[in-house]
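Every chain is named by a letter (A, B and C) in the order it is written, and numbering of its residues begins at 1.
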Amino acid sequence: MQLYDRLFPPKTYTLSNGKSVSEKRSRAPLVWLVMICFTAISVRITGFNFGVLFRRGSFFFVMLGDMFPPDFAYMENVWKPLWDTIKMSLLGSAFGALICIPFAILSSTNLVRNRLVTTIFKFLFSLVRTLPTLVAALIATYIFGLGTLAGTVAITVFTFAYCGKILYENLEQADMGPYEALEALGCRGITCINHAIFPQVLPTYLSTVLFCFEGNVRYASILGYVGAGGLGIILNEKIGWREYGKVGMILLALFAAVVAIESLSQYLRSKLT
Amino acid sequence: MGNHAPLRKVIPSLSAKADTNSGAIMIEFRHVGKVYPNGTIGLKEVNLKIKDGEFIAIIGRSGAGKSTLIRAINKMHAVTSGELLVDDVDVSKLEGKSLRRLRRKIGMIFQSFNLVTRTTVIKNVLTGFVPDLPWWRSLLGVYPQSCKVKALEALDKVGILDKAYIRVDQLSGGQQQRVALARTLAQNPKVILADEPVAALDPVTAKQVMDDFKRINEEMGITVLINIHHVELALEYAHRVIGIRSGVIIYDGPSEKVDQKVLDSIYGPAQKEADHAAV
Amino acid sequence: MQLTVAEQLSHEPKYWRRELATILVVLALLVWSSSAVEMQQNAGNGFSVAGGIFRGIFHPTASLLFGTGKNGVAYLLLETMCIAFLGTLVGAVFAIPISFLSAFNIVPKWIGIIGRVFIMAVRTIPAFVYGLMFIMVTGPGPFAGLLTMSLCSVGMLSKMFIEAIEDLDKGILESLDAQGCTFFQKIKYGIFPQLLPSFASTLIYRFDMNLRDATVLGLVGAGGIGAPLIFAMASYRWNDVGAILVGLIILVLVVEWISGKLRSKLMRG
């Protein structure tokens, strides 16, 4: 930025009473330039092509149209995978949320004095978060075999990273006053955390876990694509067979489930705060 | 301040306190010094003897070392030289379990109350019992009946029994400080250290809280050390005043003998300037 | 009449029934959920697989990791980044009008609700469904991936845009009105400056996430790093897997760091 200011020196205004004010040149041209460059490069590399879009774009809507009306008769086969998806997310979210607690505590600089320990655990969270859920699911299918266990593990890992980060961010901002008071009356560190810090972060933590669970239900449906159980498996099959009516049914069922769960979750979350 | 029961009649176990150990030395500072890692001197050559049952006010400017002095007693701040004896045990040598056991006997009151505001009054007082409970009770927050009774009695002592099941953040400042006081009483301490307990309260409430301290000191025989920057309150309530300046004890004597000359030596000429400016 | 300790004790609110019920419900849900857990019999060699991947990460195939050809990790990561970048932009192009149509302070409530339902429907459809559909349109490759990403982004972008729009300070518009500005001037000077930092921050955040999700696309054949990953895993070439994972992790960490800095700069101005 200093280089920029040297190349384009700030503009100086002289007021009528003799004072002069200098205003730095706007960064906007630089930002525009950078954006246009990236866009150009990206278009080149990805092969973005308006022409193709216009010519073949309608095909997308044709497929979409085929999905409605959905094949209601197929609903019978949808139930089990649907429940599987929900169960996977429930279990995975619960485990992830529980396991992240001790790790989050160890990452909080106000609860653990040792800087090295907190840095290591924070880095651990970052590392786990970089792993896309689907990649984790893929790896999980190799380790645990195909099926819902792999999916549950993948969701656990994702929830662990997501809830963990938010939890340690909240822990670090918690009021340490009551903690100090409990320390002064003779409690050990863990007890102080339990009685003084947790009541403060609990509502936000539960809210985060519920929110994560909402998202996980949608993720779980994708995991089936790599064979990790749930709706993804039949979805993938039916698309492959071009049975769009059935695809539509699956999507409709998923949509209904997601709406129901999200409403329930939002209701519970509003009661927490 | 209201409807609290007279202490001795209701809780015979606690009234026995007042008769034991009066006159014995509770806290002793011997050549205590504290130097911070960045070189600042917190305390210098502090020598003090504090007897059981005394009511002492510590006065001085901000940053003079009042907080450091008080927090050294329960090792919230560690001293770097000298010996600090509490009940004949050198605090600076204590760690872990033995330190926690010592802290059980020392109660601490803070300027900002330090309560868990989202929970109820009684839950806050009950935390005073936590170190003595088995781990599972502490983890789940399941307290035995006897603890609940003692907690309610402590609340009664400070006059807010009727607020027991109300959330702390719905109380006024004075009431919150009383909850903190009740929490400390639940510990059954021998000493209460108070770090600017009334600084955040209005003058009327401040007096009520100071009255509470006085009652606790007189009726239960608990030694009270208060950090206070409000000199008039200090002189009105304390028997003995300790004046500290830049980490050194400037004055240590009865409150009646504190005159303007003494105050000047503790607070320095700036006090005079402030007085001149006000005139 | 004075309250006594004994009386107050009897007044203790009995929360334990409600708490116990909640705990039982949660436990029941968890037990019910575990009935879905199934795994195949070949879990035995799971540990050898885990070990293989672990070792592979520490001995990545250097040629793959540092290779410059179209198969090299570097090029693929670049491709993934471009997919994420354009996908976010195109997603924004779709999301902005939809968000305005769903904000309750701009349009009447019934239109807003339709808008939100639409967004939710778009969000529910899993990414790979879009992926497969777009492949039918554009053929396999990064273009399909880009389009998939844009639709996937619409969900989150719209949600955050709507929040920013509904937070708009109408007061500024009022004062511009009082000064006699036209409709378009009000938008340019009243609305844009408020929304821009928020929008930009949201876009950067979504770009970050798209980068991670873009690896998914490779799995459906829509470009990016997912395809080589799945091939390498299928052939048990752990060192190649390691190379890809290492490159991916480094890229995400770097981008996250940069985007974090950019976003805090935007927020603080």
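Just so we're on the same page, a residue touches a chain if its C-beta (ideal position, glycine included) is under 8 Å from a C-beta of that chain, and two chains touch if they have at least 3 such contacts.
Since this is a predicted model, take the numbers as computed values, not measurements.
Arrangement of the chains shown, judged by which pairs touch: all-to-all, with no pair of chains left without contact.
In terms of C-beta pairs in contact, the better-connected of the chain pairs A-B and A-C is A-C. Of all chains shown, A has the CA centroid lying nearest to the centroid of every protein CA atom. Centre-to-centre separation of chain B and chain C, using mean CA positions: 52 Å.
The mean-CA centres of chain A and chain B are about 48 angstrom from one another, to the nearest whole unit. Centres computed as Cα averages put chain A at a distance of 5 Å from chain C.
Among the residues of chain B, none is found touching two or more other chains. The part of chain C that touches chain A in the complex is made up of residues 26, 29-30, 32-43, 46-47, 49-50, 53, 78-79, 81-83, 85-86, 89, 120-121, 123-129, 132-134, 136-138, 141-143, 145-146, 212-213, 215-216, 219-220, 223, 226, 229-230, 233, 245, 248-249, 252-253, 256.
Chain B meets chain A in the complex at residues 74, 76, 100-104, 106-108, 110, 112-116, 118-119, 127-128, 130-131, 138-139, 141, 180, 183-184, 187. The part of chain A that touches chain B in the complex is made up of residues 177-178, 180-188, 191, 194-196, 199-200.
The part of chain B that touches chain C in the complex is made up of residues 3, 122, 148-149, 152-153, 156, 161-162, 164-165.
Here chain A touches chain C in the complex through residues 38-39, 41-43, 45-49, 52-53, 56-57, 59-60, 63-64, 83-84, 86-88, 90-91, 94, 126-127, 130-132, 134-135, 138-139, 142-150, 152, 218, 221-222, 225-226, 229, 232, 235-236, 239, 247, 251, 254-255, 258-259, 262, going by the rule given at the top.
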